[in-house]
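Multiple structures are listed underneath, in structure tokens.
Two complexes are shown next, each including chain A; its partner changes from chain B in the first to chain C in the second.
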Partner chain A sequence: MIARDRNWLLIFAVCVALAIVYPLFADGYQLTVIRDALIFGLFAASLDFFWGRTGILCFGHAAFFGIGGYIMALVTLNDAIPFASLLGIMGAVAGAAFVAAIIGYFLFFGGIRGSYFTIVTLAMGVICQQAAVSWSSVTGGDSGLIGIPPIEFDLGGLHVDLSQDLPSYIFVSAIVAVAVLALWSISRGRWGTVLTAIQDNEVRAAALGHNAPLRLLVTFVLSAAIAGLAGALYVCMAGLVAPDLSGLLLSTEVIVWVAVGGRGTLLGPVLGAIFIQRAQQTISSFNPSLWPLLLGCVFVIIVFVLPDGILSIYARLKSLFKGRRRAQ
Partner chain B sequence: MPPKACSPACANASPARPDAMDFLVTTLLNALTLISILMLVGLGLAISFGLMNVTNLAHGEFVTVGAFAVYFVQSMGGSFWLGLAAAPIAGAVVGCILEFAIIRHLYSRPVSTVLATWGVSLILQQGLELTFGLGAKPVTPPIEGTLDLLFTVYPAYRLILIGIAMLTLLGVILLISRTSFGLDIRTVIQNREMAEGVGINTRRTYAIAFTFGAAIAGLAGGLVAPLAIVLPQMGVNYLANAFFVVIVGGVGSIGGLVAGSVFVGGLTSILNYQISPSLAQAIVLLAAIVAVRLRPNGLFNGASR
Partner chain C sequence: MSDILLQAENVGIRFGGLQALEALNLTVRDKELCCIIGPNGAGKSTFLNVLTGTLRPTSGSVRFLGHDIAGLPLHRIARLGIARKFQIPSVFPSLSVEDNLKVARWGAPSPVRPVGELLELVALTNRAATLAGELAHGQKQWLEIGMALAIEPRLLLLDEPTAGMTPQETLATAEMLLRLKGEFSIVAVEHDIRFVRALNCETLVLHQGRRLRSGPFHDIETDEMVRDVYLGRR
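Right after this comes the complex of A and B.
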């Protein structure tokens, strides 16, 4: 356990170091590409925080990303609201958390777990996208909302203006690093231990006096809040929000990022998000309709070939070199 | 009071004049159309999700494949009825391949099943789009025109659809309750190990039951094709609704399936009159979640699973 923690912190430190030196070698465009990928990495980490620790798969996590994005867009596009950027981020986080709390309350306290939860969240994602399309007076319908200003605020005399590439890259990297570190310390501590106990045997965990539904609910709400934060950051960087951001395809992609990166590692999903998005951009430049096809193949391959994600290749190779060949 | 005949392509056949009796009967028949489709799609899910504990997210694609089968046969010059006969066969073939290639290897890994079947669903959708091209595919109903039903005038094809769906359901009930294969299925569901112990080939039973469910969903796709917009992505709406049918109704009985379909289908068609379809969907979802909270074992099942 201790060695594993040390390894995780080591990899984390290496990633942070890479993120710090990257601007020395990259131009503005490359910075924005990595910045946007990092935001999706934060989104992936938020899903992993829930899925990895509880074993329950949320199939509509993009709903929270989209809710965060739309709230941020509506707040910052409204000229009457002061401190729009800060209020928008807070509103996005609170809005996503609120929706998660309502849905989660009914599901977790109703004894919904496992596949049932997956299905209901799947439908939630479908409906969020439909709502974003059909409620066009507020959400702008199919085309979404454009012209969302970059984040800009004053904090204790410090003026933060993220309209340039480098400041926005640093800001996003810092938020992602802090959030991943925070999620990791929560999930490795007592909270995560109890979640593991609930995942292994909920009845036994409840018999030991743990309020299992409440724990699951709080974890779910926290996960949704981070997803909302990622959504809010994304729309400010991209300058637009569209129904796709709450759609089924994004919900699906985030699952692939987590599964490829390695479920339960928090850092793996961030790396998975960055790598797969690079691959997606390359493939889509040939033929845009090829990507969903490949995505489907990736799903099947993950399940049969790499059930523990890319990071497990390293562990497998290690055991291979040590001569400890085990059949599966 | 004969109101104007509604084209069968619209979501709800609506009366032109607000006559109370007319309105009631039309609403009832609209609801019945939706309920029939939901029952057929839900049947396959009740088998795989409810009984085999397999979460098959590619179930909606059986509906899509069925609808495309009708379109394909019609575009080759065949009649609608020939297409409707091809629809369950197309569903069964896809279901059978899916069971053999993927699902039977993952019975003990539920989350992996979710991921793999979703992958298959994406592959099927994109494959259909690459084969048949973008855009909605036209499917013409076998009978245009309407039937006079004393209180209202209703599209004849919808009445045929309801009739075929009811007959299919009756056939399934008879199959499960009267034949030796039905007995095998019921035995495997109750206790898999014991069923193996008394010499039932459970893998084969699962495979046949799964293929059968896929065929019924394909038939539903074929039936709904003239009323719906036939697209490679059409399956996901049926998928979500059919899962609600199974979850709300509770697993393990035809009664639960009927109760769930009536709940989801009835509520959707009543709400569709008042508000926009996507808002109606959202309300049905919320109602389903609340219903599950209040009756965790389903509307129909009193006892625990």
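Right after this comes the complex of A and C.
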């Protein structure tokens, strides 16, 4: 247990160190590519925080990403609102959390679990995307909203302006690092242990005095809030928001990032997101229609062959060799 | 009167056309040990489900310390001081033995016993770091009893605590319960007559959802009617 925590912190430190030295070797464009990938990494970590600890898969997590993105866009595009960037981020986080709280309340307290939860959240994602397309007077319909300004605010005399590549890269990296560290410390302690117990046997946990539905709900809301934060950051960096950001494809992609990186590790999904987006760019440059096909195949293979993610290959090989040695 | 912990009065339950329980009464006093026995299908587990509030009786009432507990959420019932050990060992397989007990303590409103003492009580001190899923069957049952103890219950309800145990483990479990007898009330639903004999306590015999006999085990054991039912003559 202790050794596992130490390994995690070690890998985390290495990742932070890499993120710090990366600007020394990269040009502006490469920085923005990694920055955007990190935002999606944060999104993946938010899904993993819920899925990895409760074993319940949310198939509409992009809905929260999209809600965060749209709220951020609407707030910052409105000239009448002061401190738009900060208020927008807060609104995005609160909005995603609010929607998750309402949907989660009925699902968790109604006893909906497992694949039924997955199906309902799938429908939720589709509804959100459809709402973004249809409610065109507010959301801009299919084409979305453009011209979203970069994040800019004053905090205690410090003026933060993220219109340049390097500051925005540093800002995003810092937020991702802090958020992942915070989620990790929540999920390894008492909160996470009880969640594991609920995942093992919910009735038993309740018979010991744990309010399982409430705990699942709070975890889900926290996960959605982080997804909303990622959505808000993304639209400011990209400068636009579109219905795709709450769509089924993104919901599927984030599941693949988590599955590839290793469910329950929090850090793995961030790396998975960066790695897969890199692959996507390379493959799409040959043929744009090839990517969704490949993504689907990777998903199926991961689910059947490597349910614990690509990082688990190492552990599997190790146990395989151990088994061989014992057999000899 | 004031030492009555659990009182079931005139409890009946119907599942569609089937009268599963009829006019059952049970009074459990503080720190009392009692057993419910009966042949398969007599309604033992159904009655236990009613006693723990998981099933709402169609007639009659169950009161714990004067509160009606029928239909309360499980975790609220646990916090009132009712612990339950399920028939199938239901520990948390992906947590260590120690974490299992910790999770149990965290659920309690005011845990008293430290984890180390709990480990000792259920004879699992040297398995503390083992994953609960890897324990032997009997050890899982003991771990479950330890988890039930962790929430410092007023009342411990055991559903066939010795199911699947070897005769030695069964007797060891009976001894474990007799040691705990003075601390809180225990109600055990059991099929294994050797176990009930070892406990030698107040016993309620169910047959086809009704009370057949009740009294000290010694009287029950010598009762002709009980023997007939157990041997299948009726």
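Note that in this section the second predicted complex is superposed on the first by the 316 of 328 C-alpha atoms of A that agree within 3 Å, B and C clash if a C-alpha of one lies under 4 Å from a C-alpha of the other, contacts with A are read in each partner's own complex, and residues count from 1 in each chain.
The rule we apply is simple: contacts are C-beta pairs under 8 Å (C-beta built on N, C-alpha and C of every residue); 3 or more make two chains touch, one makes a residue touch a chain.
Treat the numbers as computed from the prediction; the structure is a model and nothing was measured.
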{"item": "Superposition on chain A - do chain B and chain C clash or fit", "value": "fit"}
{"item": "Touching partner for A:Tyr29 - first (chain B), second (chain C), both, neither", "value": "neither"}
{"item": "Partner chain(s) touched by A:Leu293 [first = chain B, second = chain C, both, neither]", "value": "first"}
{"item": "Chain B versus chain C as contact partner of A:Phe304, first or second or both or neither", "value": "first"}
{"item": "First (chain B), second (chain C), both or neither touched by A:Phe106", "value": "first"}
{"item": "Comparison of chain B and chain C by chain A residues contacted", "value": "B"}
{"item": "First, second, both or neither for A:Phe321, with chain B first and chain C second", "value": "neither"}
{"item": "Chain B versus chain C as contact partner of A:Ala212, first or second or both or neither", "value": "second"}
{"item": "Partner chain(s) touched by A:Thr196 [first = chain B, second = chain C, both, neither]", "value": "second"}
{"item": "Smallest separation in angstrom, by C-alpha atoms, between chain B and chain C in the superposition", "value": "9"}
{"item": "Footprint overlap on chain A, comparing chain B with chain C", "value": "none"}
{"item": "In the complex, chain A residues that touch chain B", "value": "55, 57, 59, 103, 106-107, 109-112, 114-116, 118-120, 122-124, 126-127, 130-131, 133-134, 248, 252, 255, 259, 289, 292-293, 295-300, 302-304, 307"}
{"item": "Partner chain C, residues of chain A touching it in the complex", "value": "1, 190, 193-194, 196-197, 199-201, 203-212"}
{"item": "Complex contact set, residues of chain C against chain A", "value": "73-75, 77-79, 83-84, 86, 90-96, 99-100, 102-104, 106-109, 147, 150-151"}
{"item": "Contact footprint of chain A on chain B as seen in their complex", "value": "49, 53, 55, 57, 102, 105-106, 109-112, 114-116, 118-123, 125-127, 129-130, 236-237, 239-240, 243-244, 247, 276-279, 281-282, 285, 288-290, 292-294, 296"}
